[in-house]
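Take a look at the structures listed below.
Okay, so chain A shows up in both of these, paired with chain B first and chain C after.
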Partner chain A sequence: MERRSIWRRANAAFAVAAMIFLLLPSLIVVPMSFSDSELIIFPPKEYSFHLYERYVQEPGWVSATILSFRVALWTTILSICLGVPAAYALVRGQFPGRRMLAMFLLSPIMLPSVVLALAFYIYFVRISLSQGELRLVLAHCVATLPFIIVTAAAGIQTVDANIERAARIMGASRVYVFRTVTLPLVIPSIVAGALFAFLISFDEIIISIFVARAGDETLPIKMYSSLVFEVSPVLAAISTMLTVMSALICILVTFVQKSEAKP
Partner chain B sequence: MMDVNSTKQEMVRLDAVTKLYGSFTALHETDLSIRAGEFLTLLGPSGSGKTTLLNAVAGMTMPTSGHVWIDSQDVTAMPPEKRGLGMVFQSYALMPHMTVFDNIAYPLKVRKTPKQEIKKRVTNVLELVRLPDLAHRKPKELSGGQQQRVSIARCLIYNPRLILMDEPLGALDKKLREQMQLEIKRLHNELGITMVYVTHDQEEALNMSDRIMLMNGGKAEQIGSPHDLYFKPVSQFAADFIGQSTMLDAKVLEAGDPCILDLGTSGQCKVKAPGANKNQSGKLVLRPETLRLITNDQLPDGFNALSVRYKDSLVTGGTTKYIVELENGTEMIVQELTTPEEAARRHEGQLFAAWPVEAGIFLDQ
Partner chain C sequence: MRPETREQFSIAVFALPAALFMVVMMAVPLGSVVWQSLSDETGFSLAAYVKMAQSNLFIRVTRTTLEIALGATLVAFILGYPIAYFLSKQPPRRQTVWLIVILIPFWTSSLVKSFAFVVMLGHAGILNTWLGEFGLGPYKMLFNRIGVMVGMSHFLVPFMVFPILTNLRSQPPELAKAAAIMGAGKFRIFRTVTFPLSLPGVVSGALLVFILALGFFIVPKLLGGRQDVMLSSLVDFYAREVFNFQMSSAIAVVLMATALLAAFLLSKVRGGASILSKEQS
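And then the complex of A and B:
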């Protein structure tokens, strides 16, 4: 009994230590972002919103943020439009090659990002697609599609297929059943998937660097180049904002999934 | 003229329908005709093909070969939503995100019925299935029996010509099942809708059906009225599946009317079996309620009797089941009306199980 509780405590202590180790780098940036200094130092000597003001005033930061938002938004919309019907077909459909198709659609998770990035680069040049934002959206969409498919498929699996059968026998077409029965029941899963897709697209950098054109700097690209050329302390402010955004989205996902378990 | 009339009254016809999944035959070539207004039950153990057959009628399964006709129309390739049927599932299949009202109104909304009329009809049908004011509850807040009533109401509201029920009472407890059996039977009688009912519960099938199609291994074993299936089983499977019975190994000693069976060490008996041939072997089937326990000096004319030993008895109210044992150790179940002298029987040393010659059934397969 005594020994057991010692083990349990040791276990808990280890878990907490691991968590601190993983979280510390992101948390250390937070106080740094309120620094008054022009240099990245820890701990800061004086606190102010100086770096946040610079983020707004310096050219390029806000426009990069807006571009990232736009790309993430279109990516999310496009991958929902493609991923949800695909998930439905994979869960409910009975056709030869279903498993192969599932593997294929999920393969972007398994491939190294660099490989995907290079493939997109070559492919876009080949088909002479020069519109930078469209390039970003299409490439990001392939990378986020697996997440939408996995979450939507998990949601669809929890819907009793007999409910859909019953609705069809009552005279509703496949499309009508999907719209009035399946979709309302899987909305929470789709929202969770969409939030993840948005987040992934928003801070995706490897693929973006390969496919973006000179004028199209997404926020992560701009951050990276500013790190390479000048090590601007504004980065601490941006990182803090990104951390807050990620945390909010994760909280939102948890909340959405909780409401899904309710109905 | 007769022909036209009889096809008009036919609601469902299966023409040589089969269903294969890969190399597995779920349904062997089956023909079936269901009259309009009939209550037909597909009865059989799980995996006997009854649900496959039901799904072929519903349009959820495409037959591998053969044709399905509903109301004189070939619907083999027609999608389920065009067939104008109703279906009730064991899992109720109610939409969890809709209220009882919206669930029942769903088929009317699909048909773009005006709101006023929807309201009127939902109210009516809720009365028909005897559901108190539950229209604004969610399915999750109802009991199993109430949920099944809602799903039946959802079928009745659009007056389908045919209602299919796939083990609708399978998830309910015994008392509620019996109550719902009567309820479904009442709705069938009142509304005259053709019903095809799937169950593995022989008692339920006997209670409710006009006709029963007994299925086994993807084939129809026997089709007939509950009375036929009980008193004239065509096979050992049918005799064993429906009702309780004692089955004794038997061999035809002498063909004729009646023919004489050899029951091995237990003795001999007479049975009506016009088709039987000499030396044919099979089983003698005896229903518990046709058997009597008697002492030696009581044997009436026209009865068979076998010497038995008393083992146990179960008083089930008005009737008592005696478990007795033949010379060779085979158990027999004898059902008699309970009498005040019941207890005395255990002590009447030498006992015989007797039955009228015409009550025995000889089955060679």
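And then the complex of A and C:
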């Protein structure tokens, strides 16, 4: 009796400690971002919005944020337009080569980012694609597409194929059935996938470093150079905003997916 | 065309835009990396691979990469398994809440985490200041192997938790109950029933974590020292500093081949791409 509860309790204590370790970075940057000091001290002695003011005033930070936002938005839109129909084909289709196609479309998950980054770096020069924002959107889309396909496929699997069959028998075309029957039922999955795709693109760093041209500084690129050259306390304010964004998206997705009807 | 064939064709067309996009934006660029690694001014040449096999730098960096990747996989397992086990014992409602605790760091930017670890582990960082109160330290925990290990395992733990948790959840509770009725204690049940049954989850988690660990770039750059250069950094060094695309492509091909091999093993463990079959647990 004694030994049992010790085993369970020891495991629970270790697990909670490990989870605190996981949360630690997020927990530390938040109080630090309200520090009044120019030095990085924890916990701060005086609290203020000083670092957030510096984020707005120092040149480059806001424009980098806007660029990242625009790139993430276009990446999300493009990867939804490509990914959701593809997920439909993979779930509903029985055509030969379906397995190969799925593996091909999902393969970027398994590839080290630096390999893709190098490939884009060489390829964009070769096809002389010099529009900076377009470079970023196309490259990011390769990384986000698998996530859209996986989340959309999970949603489509919960839709009863017989509903679609009924609509087909009534004479509706496949595209019409997809648009009016399937799509409305999987909106929660698409929203969840879209939020994650947005986050992936917004935080993407390795591919961006290789692909971006000198003038196009996304927020992660600017943060990276700040970390390499001088660790600016403004990073605490930005980190807090990014952590809050990640947390909101996680909680939102948890609720959205709960609301999805499960057969 | 038979009606069934035409029906399947009309479904397959839905995947066409994505497939075309991935051919043009991924397959062709990756192909040109392979081609680049096999050609120099004179045409086809294996020179880059020969040079790589003889290069002390490459051999040393490969060994470092394998060491770090294996070490990080082990640490991720040690931290991840108890978390997954703990979560699997929680009632469903509380499980959702705890899962958010795992998901938030999972979706936090690696730059945010690296910044936090620089502040925590630095010479005058939070941890050393705190240890100083007890008359300990300061210890060097940043810009060396410790920093890399902390940063990488932090990133990788969730990837270990998810497959193991999926496995533990799918285990029928009757098995543990049967063992308990036969008089086994909680620890004995874990050792002889739960853990052996969870090994497929452990293997697929470990393979996934290992693949991801091989390609790390940001964490070793920001938290590691000169001794912790990994293959990804070498790709970057040859491409963007030396402009030797043949060499950097050859290293990228090695990385890609290793990742694909591990991914193949992973698909064997998991029994195929999971989005295709509905009966996947």
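Methods note: the second predicted complex is superposed on the first by the 255 of 263 C-alpha atoms of A that agree within 3 Å, B and C clash if a C-alpha of one lies under 4 Å from a C-alpha of the other, contacts with A are read in each partner's own complex, and residues count from 1 in each chain.
We adopt the following convention: contacts are C-beta pairs under 8 Å (C-beta built on N, C-alpha and C of every residue); 3 or more make two chains touch, one makes a residue touch a chain.
Being a predicted model, the structure only gives us computed values, none of them experimental.
Of the two partner chains placed by superposition, only chain B is touched by A:G171; chain C is not.
In the superposed model, A:V56 lies in contact with neither chain B nor chain C. Within the superposed three-chain model, A:I66 lies out of touch with both chain B and chain C [touch as defined at top]. By the document's definition of touching, of the two partners only chain B reaches A:N162; chain C does not.
By the touch criterion defined above, A:M32 lies against chain C but remains apart from chain B after alignment on the C-alpha atoms of chain A.
Number of chain A residues touched is higher for C, counting chain B against chain C. In the superposition on chain A, A:I251 contacts chain C only, with no contact to chain B. In the superposition on chain A, none of the residues of chain A is touched both by chain B in one structure and by chain C in the other. Across the complex, chain A meets chain C through its residues 3-5, 7-8, 11-12, 14-16, 18-19, 21-26, 28-29, 32, 40, 42, 81-83, 85-95, 98-99, 101-108, 110-116, 118-123, 126, 138-139, 141-142, 145, 149-150, 153-154, 157, 174, 178, 196, 199, 203, 205-206, 210, 220, 223-224, 227-228, 231, 235-236, 239, 242-243, 246-247, 249-251, 254, 258.
Taken together, the chain C residues at the contact with chain A in this complex read 8-15, 17-19, 21-22, 25-30, 32-33, 36, 79-80, 82-83, 85-87, 89, 96, 98-105, 107-120, 126, 129, 154, 157-158, 185-187, 190, 211, 214-215, 217-218, 221-222, 232, 235-236, 239-240, 245, 248-249, 252, 255-256, 259-260, 262-263, 266-267, 272-273, 275-276, 278.
If you check the complex, the residues on chain B that touch chain A are 58-60, 79-81, 83-87, 89, 91, 93-97, 106-107, 110-111, 138, 140, 151, 154-155, 158, 164. The residues of chain A lying in touch with chain B in their complex are 160, 162-163, 165-173, 176, 180-181, 184-185, 263.
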